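These are the structures, in structure tokens.
Each of the two complexes below includes chain A, the first together with chain B, the second together with chain C.
On to the complex of A and B.
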């Protein structure tokens, strides 16, 4: 299995931690991801239940099962990418190439890389309601960076599209993506797009942090 | 298994700034809400958009209506419409019948439909085809070239 060495941040001192980025995950890998994450999802759910917190405040991806998403890898244009620290998966992303087209000018109608699913490991969620701080910072930004690189490699100039869960919208705005419209066909989720210009700014770190 | 290891290039400063966006949210998850059928229909396979585009362009290149293609392939018109609109997963029989009428390899078309494990070379050809073709009424010269190149790959009837 080929990989690239990347780095994440470990709070509270933001120490650099070496990790591996692998962009050729197989269905078997997704099963291993879920096998490791399911007990942690259960732990989080217990914490929420014990504290009597409103279900609407739960992480909106708590019900996901990556092993069930493995079927997407049968599609020709699908690719699964993950980040490993040691033998623990810290985040996973499923992308599809050229199945969706840009909605924003100046590249409206041109193909892009669509992020179908992306999620951090349960221990990397920021959950102040139950007193959990993320173990590693940077998993999301590095996966978005990887999606841009994938788009560039395929000649799509860094263009990305995705439908964000409501709890994640501020992240994608913070990455410099544009919230285009809500899609009735996609549970009324907000469709975000990264233009080629926004991708360049993101890679050069010119995105406003405000 | 081959290990290729090289360092990705971004600085600690880049990571620190980029991570600020992450700090503002519970998670950066993208996908479906709790009603997402992704965990309810685990046994199903998603419709194949590149297959849909290929069938649609191949049909138009032959000046066939959807109805006449369905008749020639002896398949249900409603299923064909669902497949060409990427709303419906075709049955193996339908894929086989379409491969006969469109004169391409049944094995390759099965892979394109997600009914068999795809090979890397077909995936690359499919990606190039998808990137160069768009769902317009008339076949542009570029679309026709993209279709012709893709057919060359698909027509490899190694299963015959």
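On to the complex of A and C.
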């Protein structure tokens, strides 16, 4: 499996930690991700239940199952990317190439890379309600950066699109993406788009939106 | 590792490829690559028993697309 070396930050001192970025994950890798993350998802759920915290405050991706998304990878237009520290997956993203088209000018109607799913490992979520501080910072920004690179390689000039969970909207705004419209066909989630100009700015500034 | 092939097209097909490349701001290679990916995805879904439709909401019209 080929990889690129990237860096994450380890709080509280924000120590640099070397990680591997792999953009050719196979269905088996997604099964391994879920096998490692499911007990952690269960642990978080127990913590929320024990504290009697309102369900609406739970991480909104807590019910996701990466092993169920593995079938997307049989399609050439799908690609799964992950970040490893040691042998632990720190974040995973599933992208689709040219299944969606830009809604914003000046590139309206032109293809983009669509981020179908993107998630940090359960231990990388900052969850003050249950007293959890994330293990590593930078997973989301690194994956967004990788999606921009994919888009550039495809000839899409860095254009990206995605439907955001409500809890993540501020993150994508911080990345320089534009909240375009709520999509009735996608559970009324807000559709965000990264224009080619925003992608250039992101790559130049190495925006840290954590 | 990428592999290279020669593609022979009729003038009308080449004109359509040129036009798509211009409209979508892509190289001709990228258009062909995206077309292949789309065809493969459609083929897999049809093999699974799904159907492909075009829908015109204004006209309230739905047409099934038959893919070879």
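What we mean here is this: the second predicted complex is superposed on the first by the 205 of 210 C-alpha atoms of A that agree within 3 Å, B and C clash if a C-alpha of one lies under 4 Å from a C-alpha of the other, contacts with A are read in each partner's own complex, and residues count from 1 in each chain.
Convention: a contact is a pair of C-beta atoms (placed from the backbone, for glycine too) under 8 Å apart; a residue touches a chain by one contact, two chains touch by 3 or more.
Given the structure is predicted, the values throughout are model-derived calculations rather than measurements.
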**Report entry** Clash-or-fit label for the pair chain B, chain C on chain A
**Finding:** clash
Requested in this report: Report for A:14: first if it touches chain B alone, second if chain C alone, otherwise both or neither.
Outcome: first
Query raised in the report: In the superposed arrangement, does A:75 touch chain B (first), chain C (second), both or neither?
Result: both
Requested in this report: Identify the partner contact of A:107: answer first if only chain B is touched, second if only chain C is, both if each is, neither if none is.
Outcome: second
Query - In the superposition, chain B vs chain C on chain A residues touched - result: B
Query - First, second, both or neither for A:120, with chain B first and chain C second - result: first
**Report entry** chain B versus chain C as contact partner of A:56, first or second or both or neither
**Finding:** neither
Report task. Find the residues of chain A that appear in the contact set with chain B and again in the contact set with chain C. Result -> 74-77, 97-99, 109, 111, 154-156
Query - List of chain A residues in touch with chain B within their complex - result: 1-9, 14, 16, 21, 59-61, 63-65, 68-69, 71-72, 74-77, 97-99, 101, 109, 111, 115-120, 125-127, 134, 137-145, 154-156, 162-165, 167-175, 187, 189, 202, 205, 207, 209
Report task. Mind listing the chain A positions that touch chain C in their complex? Result -> 74-77, 97-99, 107, 109-111, 154-157
Report summary line: The chain B residues in contact with chain A across the complex are 1-8, 10, 12-36, 38-39, 42, 44-46, 48-50, 111-112, 114, 117-118, 122-123, 126-127, 130-131, 134
Report task. Spell out the residues on chain C that touch chain A in their complex, using ranges where they run on. Result -> 23-27, 30, 34, 36-38, 40-41, 44
